[in-house]
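In what follows, structures are represented as structure tokens.
Heads up, the next two complexes both have subunit A, just with different partners, subunit B and then subunit C.
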Partner chain A sequence: MKNNKPVFTAVGIVFFIAPLLLLLLQSLSAPWRFQSGYGVDWKLESFRQLIRDPYLWEATWWSILIGFLVLVLNAVVGILTGKALSSYSFKGKPWVEALLLSPILIPVLAIAMGLHLFMIRLGLADTMMGVVIIHLVPTIPYSIKIFHNSYQQMGKALMEQPHILGAGFFTQLFTVELPLLRPALRSVTFLTIVISLSQYAITAIIGGGQVLTLPMVFFPFLENANASLMSAFSLWFAFVPVVMYILVEVILLLLPYSRVPWRNHR
Partner chain B sequence: MRTWNVLLIFMIALLAACGQSETKTKDWTKESWDEIESSAENSEVRLYMWGGDEGINRYIDKSVAPVLQERYKMNLERVPMDTPEILQKLQTEKQAGKQDGTIDLIWINGENFKNAKENDLLMGSFTETLPNYNEYYQTNAPAFQTDFGTEVEGMEAPWGKVQFVIYYDSEKIQSPPQSFEDLQTWIHENPGKFTYPRAEDFTGNAFLRHVLYAQADNPEDIYKQPLDEERLSDTAGRTWDYLNDISKDLWRSGEHYPNDLTELDRLYSQGEVWMTMGYNESRAESLIEEDVFPASTRSFVLKPGSIGNTHFLSIPFNSTNQAGALAAINYMLSPEAQLAKYKPEYWGENTAISMEKLPDQWQKKFKSVDRGASVLPSKKLEESFLPEADSDYVDWMKEQWFNEVVQE
Partner chain C sequence: MSSITLEIKQITKQFHSDLVLNGLSFQLQKGEIMSVVGPSGSGKTTLLRVLAGLEKPTNGTIYMNGRDVTKQKANRRDISLVFQQPLLFPHMSVEENVAYGAKVSKKYTQEKVDTLLEAIGMTKYRSHFPSEISGGQQQRTALARAMATEPEVILFDEPFSSLDPSLRQGLRYWVRNFLVEQETTAIFVTHDMEEAMIMGDQIAVFQEGKFQQIGAAKVLHESPANMKVASFMGGHLILNDQEYVPLQAIELSSSPFKEDTQTFEGTVEHITYQHGRPIAHIEIKESGAKVPLPLTNDEQLQNEVFLSIPVSSIQRFRGTIDE
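For the complex of A and B:
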């Protein structure tokens, strides 16, 4: 195996960094018309238009709040279910696992009407809690799968050890399991936030316009030929999960045995 | 296990709590207008509408809402949502028997209106109560009586009208085609410089219906008749011949059609094709200003004419503020609000008002508005106006176009 680093860097630049830079460039200039004969025409118009949208901030805060709530619920449900699935064996376990995965196999839109009806009866339609709960449908199966795998990799022995040493449930969770689950927590954070942030139809129907998330403001603008405006919107859209991801990263540092910058290392 | 029990109890409690729903509000169409206006004061009206155009959004937020605030101390809240989602929400609420909805006003027409009307999602017939509608609108005009072939029956009030035009770059094309035969010749002379969106797209379908109108002996045979495939077979045959004839000289030799108008607009913006189109005679203005379209963009209509349609405002069955919604619609139909909508400053869209019914001073104000160089004079637009056919033609075109043109 030779050193693959240059290849990785080249692929990374061509496929990830260059498109992002193009997006940034486009958002800061007038739409490019190659026949027009001008070079890049620097303009802040697209960001001005973005900021001028009266619902931009409201929608951004809603999206962040909902994203975090969905993440917390996902972590709780995912960790508990994942642990249960990997530590107990019972009759019909494959069926239970299949059932837990089923929400991603059935399109959410197909059951949206039934869920909406149910939410109206529960009084959850047109509320934020309703939107948070509906966002669990496309996210929870992934979280369960990810945590299940992590616990599987840790193995039963590592779970028995703290138990033998007399640790209670929470001590075990915070000092043994969560630090080892850090990579899984990262994956779940990213997946959950990105999925929750991009739900349009189910948010519109369950939130009923009372809960205004970013896609509700952005998606109608996709039918727009103005590439600069689209780029500005896309960057804003990408910015939100990145900020949230960094926040979660900071929270993860608070876990025991983290390599925190302010502690001495060997 | 205990958490589940708690959750279950919580859910049952919720279920019980929302068992009783409000009784139906009174029938406002039977009240006097003064009564409606005084009840509309200090209320909140929630207007749900498609939110993908900054100009339209700003017209509502900056022009309509402040006046309503001043006049009725009414808070008009615009909620961006696509019409099919709005209808799905209403449909489910209807099924659940939810009488206290969140939507007071919707922007609707065509297939969506048909769907809403058939499923009883609207409040009912209300246009007769609106003073401005009765005073300034040609209430018996066919454009207000039917909406894509569906009887309106006063269930929606006309807010504006648009007409289909084709846009071209006047720097590249000196004299645009005059008729569909001219267009055919032009396409053959300039291979690869024209295309149209697929039939599934709203605009693409409208273009195809124009071809159908043009191939009929008389456009009336289409828009005055319900869809009858047998009677239509000759016209349809000529339409497919026309489309198959031009297809090899379309962009990418007709092997690929733009999926929607946005794709066509981008091609036009990049100069790959020299024409684009749109079901709105003034839509190029804002795109020119944003530098998306070249400043030399102009528009034209083809013989036998250009299809136009009306779009409407309506009130859902479970609006909790019907009086407020009526007052808001009445204002949005007024000459004042229509003039602000007509000016290119925000939206630049044509008014649904009949000019003859307006006092002279208002007529002058409308006439003095400069809609921009890419918009055809209103006389030209009026002369070429053709009404929309039954909405069955839209679906028919979607199916047949794929079989007859794409698969050829």
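For the complex of A and C:
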């Protein structure tokens, strides 16, 4: 087999590590121009300024909470729908699949005003639950697709095996399905948290300024010409999904039959 | 007196307009092993899925130890099913796979798992993952996993069909002895008649949604119920829908005239060897039927031959399905 490791390492360094390093360097230094005659001026001022923002921590906690709720709802709906789609065959199934994917074909902003009126009627406007529900629109179709594919890969027969051996719904879910769905859960975690964190317009419309998330603090900073401050904020923004991903990974380790270091191996 | 473990009464299963199971009825005593043979697509797997609880029958009743379990879910039935593929859980080791069934059915003891691993010769590989063991080892592990739940009945759906012939031969005897030792009632589905004869105490020939005949291999061979059974068993020349003649009664000769015989003209198409004996594959000109006839080693054959059938050896199909 061809060894692609050096290529992977090179691509990883050029497209992932290098930009991140540049961002880190920029956040820790004053703007520097080529041939300006000055050396790099190292300072922590941008991070100090960032921390001083009165809304930063509030927005971070709200974002984490909303992100987790969106993730949990995505996992529940995605797993149940994905399993149903791979287990049952019925008339009009391709139409149902297309319908479930349709929310990502229409820009959420196009329906945001209508949804806002709907949320007002339900009493969900300007609430965290309203924001969580609106964040489901651009994320749920991806989750359903990912879990549907994973269940199809597993195969119907492998799903029937634990049932035949005597496992009930939850035993089967936690001992066989979730451990085998681990790669799908990782993808959904990153995807939903990043999409949820990036929503500015629909969060502003449905949250009505009452629900403060990171983009709502971040976007006004865009007018700021201070590249160091922008870099610091970008790092802060990127740090949140990484921390949440690590937390989810720790939770996944608690699943039965996980390959953890303390599990017996040859 | 042995007790009835599994009893099926008038089971039917219909998919849209297809009647896959057509009023099946049979019963199995404790420890009895029945082989079900039939052509591909005849509905054998559907029968097992209905018995296991993975499919609901359209009509009919399933009793286990006298209790109606027709509406019971698969995980509540004391029945295990070993599929064509081993379907081991890839994230569990061999030992965890075997213990899984016992744990979920609340019959787990470490001693039992150790005994089963010993019985299938997998003690050495207990901490290996399924991807690290061979196909035969995987199938043995799948069998031990099914046995660990201590089911009243085990159903086998062509479990050896994906294995190579030498491995298949060894596993057949191993599984048969294992089931006999444990006194486990079993139904073994296959399309291979030889396998059916090795595995089952009795053989049920299944075609067109129903059993064409149920009986011991000897009974099926010596007095087949109808053309379908005779044709599936092999070993007979079917003369018409009423009569047949056992192949061993047929004589090959180069001249057509013999007293008290019915004679057919045939063409030798191939000579093959089976179990050390030459077999002539002959096409009968009149009917186009092809028959494999065992030859004596020193027999010299022309291309054109006559098949002489003593009239006294012509038999009629018995018509009834049970012994």
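The criterion applied here is as follows: the second predicted complex is superposed on the first by the 262 of 266 C-alpha atoms of A that agree within 3 Å, B and C clash if a C-alpha of one lies under 4 Å from a C-alpha of the other, contacts with A are read in each partner's own complex, and residues count from 1 in each chain.
Definition applied: a residue touches a chain if its C-beta (ideal position, glycine included) is under 8 Å from a C-beta of that chain, and two chains touch if they have at least 3 such contacts.
Note that this is a predicted model, so its numbers are computed, not measured.
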Is the arrangement of subunit B and subunit C around the shared subunit A a clash or a fit after superposition?
-> fit
First (subunit B), second (subunit C), both or neither touched by A:Ala201 | first
Does subunit B (first) or subunit C (second) touch A:Phe221, or do both, or does neither?
-> first
Identify the partner contact of A:Leu158: answer first if only subunit B is touched, second if only subunit C is, both if each is, neither if none is.
-> second
Who does A:Tyr55 touch here: subunit B (first), subunit C (second), both, or neither?
-> first
Go through the superposed model and pick first if A:Pro19 touches only subunit B, second if only subunit C, both, or neither.
-> neither
Name the contact category of A:Gly123: first (subunit B only), second (subunit C only), both, or neither.
-> first
Regarding the shared-chain residue A:Pro107, is it in contact with subunit B (first), subunit C (second), both, or neither?
-> neither
By residue count, is subunit A touched more by subunit B or by subunit C?
-> B
Touch check for A:Thr175: first (subunit B), second (subunit C), both, or neither?
-> second
Between subunit B and subunit C, report the minimum C-alpha distance in the superposition, expressed in whole angstrom.
-> 20
Sites on subunit A touched by subunit B in the complex = 30-31, 33-36, 41, 43, 45, 49, 52-55, 112-113, 116-117, 120-126, 201, 204-205, 208-210, 212, 216-217, 219-229
Mind pulling up the subunit B residues that touch subunit A in the complex?
-> 11, 14-15, 17-18, 46, 48, 50-54, 57, 61, 79-82, 85, 88-89, 91-93, 95-96, 98, 102-103, 260-262, 265-266, 269-271, 287, 290-292, 294
Residue numbers on subunit C that touch subunit A, as the complex places them = 52, 54, 73-76, 79-81, 83, 85, 87, 89-92, 96, 100-101, 104-105, 127-128, 145-146, 149
Complex interface listing, subunit A residues touching subunit C = 157-158, 160-168, 171, 175-176, 179-180, 257-259, 264-266
